[in-house]
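Here come two complexes built around chain A, the first alongside chain B, the second alongside chain C.
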Partner chain A sequence: MASNVGSPLLEIKDLELEFITEEGIVKALDGINITVKKGEIHGLIGETGCGKSVTSLATLGLLDNNARIRGGEILYRGINLLKLDENTLRKKIRGNEISMIFQNPSTSLNPVYNIGNQVRESILLYQTKDKMEASRLVLSELDRVKLPDPEDISTKYPHELSGGMKQRVMIAMMLACKSNLLIADEPTTALDVSIQAQFLKVLEELKESEDLSILYITHDMAVVSEICDVVTVMYGGQIAETAPVDVLFKNPSHPYAKGLIYSVPGVMQSIEDFETIPGTVPRLINPPTGCRFHPRCEVCR
Partner chain B sequence: MSDEEESFFGTKSDTLAEEIDDLKKKETSQLELVWKRFKRNKLALLGAGIILSLIFVAIFAPFIAPYDPLQTHPDRIREDPSREHLLGTDQVGRDTLSRLIFGTRIALFIGLLIVAVSGSIGVTLGLIAGTYGGWVDEIIMRTVDTFLSFPVLIFALAISVALGTGLYPVIIATGLIIWTEFARVTRGEVLSIKKETYIESAMAIGEKKGNIILRYFLPNILPSIVVVATIQMPAALLYSATLNFLGIGAQPPVPSWGQMVRRGSEFMQFYPYLALFASLAIVITVLGFNFIGDGLRDALDPVRGGS
Partner chain C sequence: MNIVETENLKKFFDSKKGTVKAVNDVSINVIEGETLGVVGESGCGKTTLGRTILKLIEPTSGKVYFKGKDITSLKGEKLRRLRKDMNIVFQDPEGALNPQMTVYDHLDRPLKIHKIVDNEDEKLRRMIDILNTMGLKAEHLIRFPHELSGGQKQRVCIARALCLEPDFLVLDEPTSALDVSVQSKILKLLDKAKRKFNLSYMFISHNINLVRAISDRLAVMYLGKVVEIGDSSEIFHDPKHPYTKALFESVPVPDPDKKVKTPLTGDVPSPVNPPDHCAFANRCKDMDDTICNRENPDLIERYGRKIACHKYR
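And now, the complex of A and B:
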């Protein structure tokens, strides 16, 4: 699994980020380090509100106005993305180099245009300026993400497709950008399990055929064990552990990572055998000092 | 007891049938859905009927009107409604019905032009304010507030006096009041869909700001703008009729409704018909547009909430 990893593509170094809210300053990220290498699927896992999505939005420069970056850098092929202005980010990074799939496929597509029109838009942005040519390419892009009958689908509107189909259209749109890094922010959360399996298969195949690197954000341990090469576990805006996927599952070193793995329900397991992590995610407005997991940590107690 | 059960199952199967219908509806386009909901609203249909007839009358005025609206008959002034003159005649013997029919043209033309001009200004500024936010938003919205704080009629009168009489000063004066509503609604809609994932997706593939405005914001807020337009249309008509009543706008002998009310009101006590019929024409038109506006708003609402 870890054989085909190459040089670092995206390096997030000591990233510190705060949100200024009416209640006070929320320390959303506290010294994050993540390295996504070329050709790897890097899982980013953690509970809701631990800063996974914020990390990805920060990478693309799509943070809300109330976010402040307090320190660290985000290096993409050695270039610090945090130093780039909005215009450069839009022209050279977003879509061109890094693209992103969002959590909810049913709201990720513009409701007023048909599928063909929307996919063509990203082809026109990144592949060709010729409209006829672009319209032809739409079909091959839809075919690439294993959508049945691309010609029919390209004339459909988003509300006529299922969630799984919409998510594949989203990938088609992102792939049409020909970017090198795909950030997938909980892309299967809104999908059925069977559709999820299909989706993951498409992703893995694309990783091989397009030499795509993927930062896969999720809170689903099963998905992580399925497709990821390396996993970073986040907790409360900090990195708990980073390890190759087989190492993490066999021998997790951080108690939180351990807790996450043991709290995955097995098919044959009864509910009593279940191990849960006591307590809840800390509020980041006034986080615990030191390791933010310590109030819930068995080892620490 | 068994009756209750029956009715219970009756309603149950009804909702199931409706659900199945809904499923089928999903295959029809959103436009058809909106039309179906619009059709259910009787008042909206009535409004649509009124406005469509008015448009028909305006287009075919020369063929419908029984007399020339400008032809005076000094021997037949201020006649009561009769077989020859269904709605009577005015102070110089012109046929009231014919004048009302030709007045439709002016009313609709003014209304459309005001809404088109103020709508495009308001929507453009609203889009800019909502998209860019910050100080741009601040400047545009405070300008809107400023315009809203003017006493409408005095403001319009001042503009009309400055620009002289005729139709266009009325259009400009009324447009300057009405654009604020377009700007406010547009900005609000932009702010509410700005957080939608498809806008973030568009940003993530590196779409230009201008493209995001034209391809994403504008078409998605269009339904709301249409509703505002149909609701602002009667407001435009009322303002222009009021200004007309005060002597600004279309000048005699052009047959405009506001001016007919004005003439008629001079002889209101012993000859009420002229003012009455002209006012009725205004009321019916305004009601028609209001009914359509309400119907459209209700018909479009569930779509926006559901998808």
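And now, the complex of A and C:
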């Protein structure tokens, strides 16, 4: 799996996305460009309305009916996902090539099947048809995400597991699907600090051993600095800045990225030092023209 | 002077699985004029503690003192009158505001109930003053909640809590539902309000980096008990209780050069039927089988703070 590390796996190019709503057209994405390379954990950060979640949903064709792609393409290994039909997306892309995990793993796990059954389903689809071999692989995938006592876990039902364990089961399922790209949308937001630390360690280890590529969506800057290699900052449906993680934290260029970094507790040690960005995030029905941050930007004014 | 003090405070809930000992013998104090940060993971009891202190929940046993007076058994009209001196701001501003009431209505109600001002002009002046303190304008008085952003809604909630000029506020995750840039604004406003109105805060949060930036003293809770309490910067600089140490090591810091450790394995324990000995014993690196699995450690003074750990007995 060590080949092609560093080559582009996912390329979002000039993507424009709108939502048709009763109040008007919401211009959710205004020509965005993001590249996730093989073996890279790419953080996608931004605040409410920046478009980070819809970007991931657009990638997997999971947007609501009122969404319209107005331009651009989403290339996965060179294939434009936006041109694929639903059947191909479902059979070849979702789960198999690209997996997605969300904030609340309970909504992704079937409450009436035990864990072993659910992981086995993915293995039988993507790894082997042999049932004995599949059962063995279930235990090995559960072990890979450092779940204690995989045999016991595989007999349990989702409601018997804690949030952190369920989230690790989701990673095990992703591994079982042999996905190449994981899109994680706020996977640790609902987890306690100590559980989050365990989960992040699992991801870090898998990145080393499997060259896992992850598009990691979050609002938590501390988590970003913990595991991401590269970070893209979004604002109001546009890209503000993309930079390697240490560059972004030590020397942010874009005024919004700067304002964001300097309002994070931990970067700033006391209230007096907190920076604040004047104004509020714009509504995207009639967004500001040009750079959508300009009404709040100290450099511009 | 202690604005708030608890003595062996307990709050238990009955459930099908057993007794949930949410707050399990907590003796804590909030010094006048300070921000006491309260941190801990799920099930530690920090939210229940805040609400029990305010008597939003009735204590099971133990005592609560407010400005030196025993308020544990207060009921009815006497308790209601206390509400103008001690108040709360919740995590979710959406749920705390009535969608059918304007900002004016929200501020008017507590003023009317407590008969603070009967003169309409004076009332309006006070409302506008509080809104301005929170960075809002007079024109916001006629808005409904759905016309406000998340940050603005939370500012209205804080303004509402402040318009009675209380002495003590419990802030229960007041910025957790807000964006980071909005959060920093709200925290600055809370700081400004604290100095302007001579307030004392109990600031409950799961965000350890945040609490570090704003608290004077810190209380760390684990499974219904306080395990360490003292000066905030001293505890952050040199945590003594094994849980506090492990907890701080698990917190990601927004610095790419610093990585978390995972000293805490396993899951956060449940407060249902907790053990009669140190609840942290089964996860503690310094566990001493001769005592840690047999007795609960008392909260005792050591190193200028209080620690509940047999290691320091």
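Just so it is clear, the second predicted complex is superposed on the first by the 294 of 301 C-alpha atoms of A that agree within 3 Å, B and C clash if a C-alpha of one lies under 4 Å from a C-alpha of the other, contacts with A are read in each partner's own complex, and residues count from 1 in each chain.
Heads up, the rule we're going with is that a contact is a pair of C-beta atoms (placed from the backbone, for glycine too) under 8 Å apart; a residue touches a chain by one contact, two chains touch by 3 or more.
Note that the structure is predicted; figures quoted are calculated from it, not measured.
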(request) Once the structures are superposed on A, label A:Ser162 by its partner contacts, choosing first (chain B), second (chain C), both or neither. (result) second
(message) Of the two partners chain B and chain C, which one touches more residues belonging to chain A?
(response) C
(request) Classify the contacts of A:Met100 with the two partner chains as first (chain B alone), second (chain C alone), both, or neither. (result) first
(request) Give one of first, second, both or neither to describe whether A:Ala257 is in contact with chain B, with chain C, with both, or with none. (result) neither
(message) I'd like to know which partner A:Thr280 touches here: chain B for first, chain C for second, both or neither.
(response) second
(message) Which partner chains sit in contact with A:Met174 here, chain B, chain C, both or neither? Use first/second/both/neither.
(response) first
(request) Report for A:Leu125: first if it touches chain B alone, second if chain C alone, otherwise both or neither. (result) first
(message) Give me the intersection of chain A's contacts with chain B and its contacts with chain C, in residue numbers.
(response) none
(request) Within their complex, state which residues of chain C touch chain A. (result) 41-42, 149-152, 179-185, 187-188, 191, 206-210, 212-214, 246-247, 250-262, 264-268
(request) Please name which positions on chain B make contact with chain A in the complex. (result) 26-27, 29-30, 133, 196-198, 200-208, 215-216, 219-220, 307
(request) Write out the stretch or stretches of chain A touching chain B in their complex. (result) 60, 62, 65, 90-91, 93-96, 99-100, 102-104, 107-113, 121-122, 125, 157, 159-160, 170, 173-174, 177
(message) So in the complex, the part of chain A that touches chain C is made up of which residues?
(response) 47-48, 148, 162, 164-165, 192-198, 200-201, 219-226, 245-246, 249-250, 259-261, 263-271, 274-277, 280-281
